[in-house]
């Protein structure tokens, strides 16, 4: 029987991931201070706090998983309007649109939604794979999700994605930033990990920890 | 580097409330949104509206240039953070006088993506014609072949001035956009940081510099520069800021507007010391200073350091630069 | 707290050369003396000349107020040091348009003694009628019974504005003097320091403050204040600066000009946060703000901190305050 | 036979005192930072450098002791225009006027010149004895000078004056400043030594060291 994620599980999972991201924000601040402007921790705190507030309010009562994610994305972008915030907001919104009408999702649905989110990011931000952005963590994560069988345990599914994302994030150390603030460092950006990519890996690792 | 504030979370709302209380005849909040500051007389019927937007902590940038002869409005973000789509959209709507609105702002990812969203909204929902011009004047942030990638710093003030004067001439949206682009094609900046600043909600400096260090080319949010080194003399610093500008934009035989800008803590005295050197140095390169701007025009709170901005002038830019302008933070009357 | 300078000995001459190069149409050196800066059109025939003088390091104070509607000239000392008798005398002579010259400056021993010597010279050698008015507005520096002993701080700017406007009305020396005295009788200031500054030729801070300390009532050269304590909130600080002013000069039912001034490093954002509080607090005391001045008007190089100055207004002071003025550092046109 | 100070001795003595004051300026900065604005070391450096330059130039060739001192005073006031500079300049100028026409001075002439200088200071600065200023060191120094016999050795003469001035300077610790910058400290000025008074004691001590 294929593994599913119910609406209620999604709410709990989002809330737990958000809580972890808020707790662990300082690592992202440090990475972003190296490569950008050091506000990524503040951005994730604002954005995930907005998600938790949305979940505690109207959005949390939304039966449609897609609409629920869309509302979370809007809250994120409104309250954390930086590059990461705008992009992550768009990712949740577009990912939500891919799940519209669903009250449970199978693993393939999840992978598909993340792919839709990735496409949206590329369109919105104009970055390509290899530009040293969060895309470089999301793309291998989707591959890893796709490599799981439909009845894999939720935790294992996210764990595989998280590990792939982390490898992707580490790979960014060998890249030179082509877009966004970090690109201003030119060659000096090499050797440093992209903070957005690390944020993706952290989110997926948190999802693996809390998926039940 | 201590701060006079109450709750760091209220830093921006409180300063905006103070601003509106101080200048009620000149500024107002659009549609009750404190983060959407517009001219008290907005919208000006028939005139192209010009707005900008960006993070707080750079006064007079950004909202300090809202007023006669410059901007019609400004979307205001938290400290060093982009305003939201909604705030940009409200600002756009409030300054729309029927002739279209120019979005003129610095090339920062968050701002770019959010202004794009706001432009879509204003076009779709209110039929407002939108034009967009990005400021990307900091030569330290990318080489010439990636010039479009550069970040926007103090050069935006010249763009505000030129576009604002052109809009006051009741030019069309396309003409105002062209004027802003023309100004920016002739504008370059470069800065140096001597000491950091603290974002209130972060509470500690984004970067540190040794007691005898400076960083050439550093960005206004502490983005790394091109070179960190021993603190040098005013003359040496000035030369290291102007040379990359001269290399990027040949100036021999030209007249320029020259801005010598403090990032915050650096006092005016030191700007005049730099200016004193630059007058002679530029003369030796056959460059004449038509109009100097010396002061605090684009800051990073209490950051120590300075930046130079050059706009190469032609007759049109001179006419528009010389036009009067008046905001609560910038007054340019008839005197030089 | 690092500085952009060349040889510390040349700090003041270089900044003055830069100043004259930047504003040739507005300022000139009197009689070839770089330390005697006067309006380019000085002397103005038939008008009372007004000059001030004092140490460097306080821009826009002092020389920043030389211009139309304010001062005719300024004798410029080294950093935080009095100008010499000779420099004051040359400034006096250069602005004398036949109607007498007002010496209007802060109550500091060196300046007082040297201006007395310069006045003697100008009277004896050139038959120039001299009047002298001392600025002594800092309530933190002495109790009311020794009010004449107080030091002069940012309140001098209101005195420059009022006396300058009165002189522009072609009033007599006695009338201009009376206007300055009237302004100062209604003017009080008080400041707080959060961090020190460095005199270039000294190279280290005059005082130090702990990471979480502030000093209420500190002077603009680092003179000790009335109380050192833990850094408090913007609202608490603002209240501790305004309360002694209210105690010294009853204001209930009055209209005032309120200056919220940064000592240098403290950014404009924080001044607006203080202003936001003061609007409500003063309203609760039945005091109405007629005209706010928020910015850097009297600094101590890169010192962190702020000061408040209040001038209690009557119809005459309002008229003179509202008159236009324009200097390279201060522009007041028709807008509020 | 009464002890005399010749013009050449005066030049040498002034130069040596000036050199010592420049060398020891930091103590005055520290005292002035406590009670005033911390610039007294800079003032003495500027002023005494001006004196040394004057002595090396035209003033040093002046045969009239009075005119010589007057020129030194003018140089001091011009180059060190603070309170101390203005007052010390006036003191030298007025003291010089008291010695006008002389090419040698007896001890009583010296004491008289310092008394004239003190009177000039009081007139120029408006301070009285006990106001916690340099007057409170000069006054006891003059008393001590007057107490010496006319044939006392020059060194002993200045040594007595220096010790009295130092006692006077120490006395200022028990006074509350009534004038100048230090008066802004009100009661908090008590317990601190007046920097100007200490400067007088230092000058006289240097004179005692170098008088031959």
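Note that the chains take the letters A, B, C and D in the order they are written out, and that residue 1 is the start of every chain.
FYI, a residue touches a chain if its C-beta (ideal position, glycine included) is under 8 Å from a C-beta of that chain, and two chains touch if they have at least 3 such contacts.
Given the structure is predicted, the values throughout are model-derived calculations rather than measurements.
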{"item": "Co-neighbours of chain D and chain C - touch as defined", "value": "none"}
{"item": "Most distant chain from chain D by Cα centroid", "value": "A"}
{"item": "Centre-of-Cα separation between chain D and chain A, whole angstrom", "value": "77"}
{"item": "Computed distance of Cα centres, chain C from chain A, in Å", "value": "56"}
{"item": "Centroid distance [mean C-alpha coordinates] between chain B and chain A, Å", "value": "33"}
{"item": "Chain-level touch network, classified as line, ring, star, complete or other", "value": "line"}
{"item": "Which chain pairs touch, all of them", "value": "A-B, B-C, C-D"}
{"item": "Parts of chain C lying in touch with chain B, wherever the complex brings them together", "value": "1-6, 11, 14-19, 21-23, 25-26, 56-57, 59-60, 64, 68, 194-195, 211-212, 214, 231, 233-235, 237, 264-277, 279, 292, 294-296, 299, 301-302, 304, 306, 326, 329, 331-333, 335-336"}
{"item": "Of all residues in chain A, those that touch chain B in their complex", "value": "29, 33, 36-39, 42-43, 77-87, 90, 124-125, 179-181, 183-186, 188"}
{"item": "Complex contact set, residues of chain B against chain A", "value": "77, 80-86, 108-110, 113-114, 116-117, 138, 140-143, 146, 149-151, 199, 201-202, 206-207, 219, 221-224"}
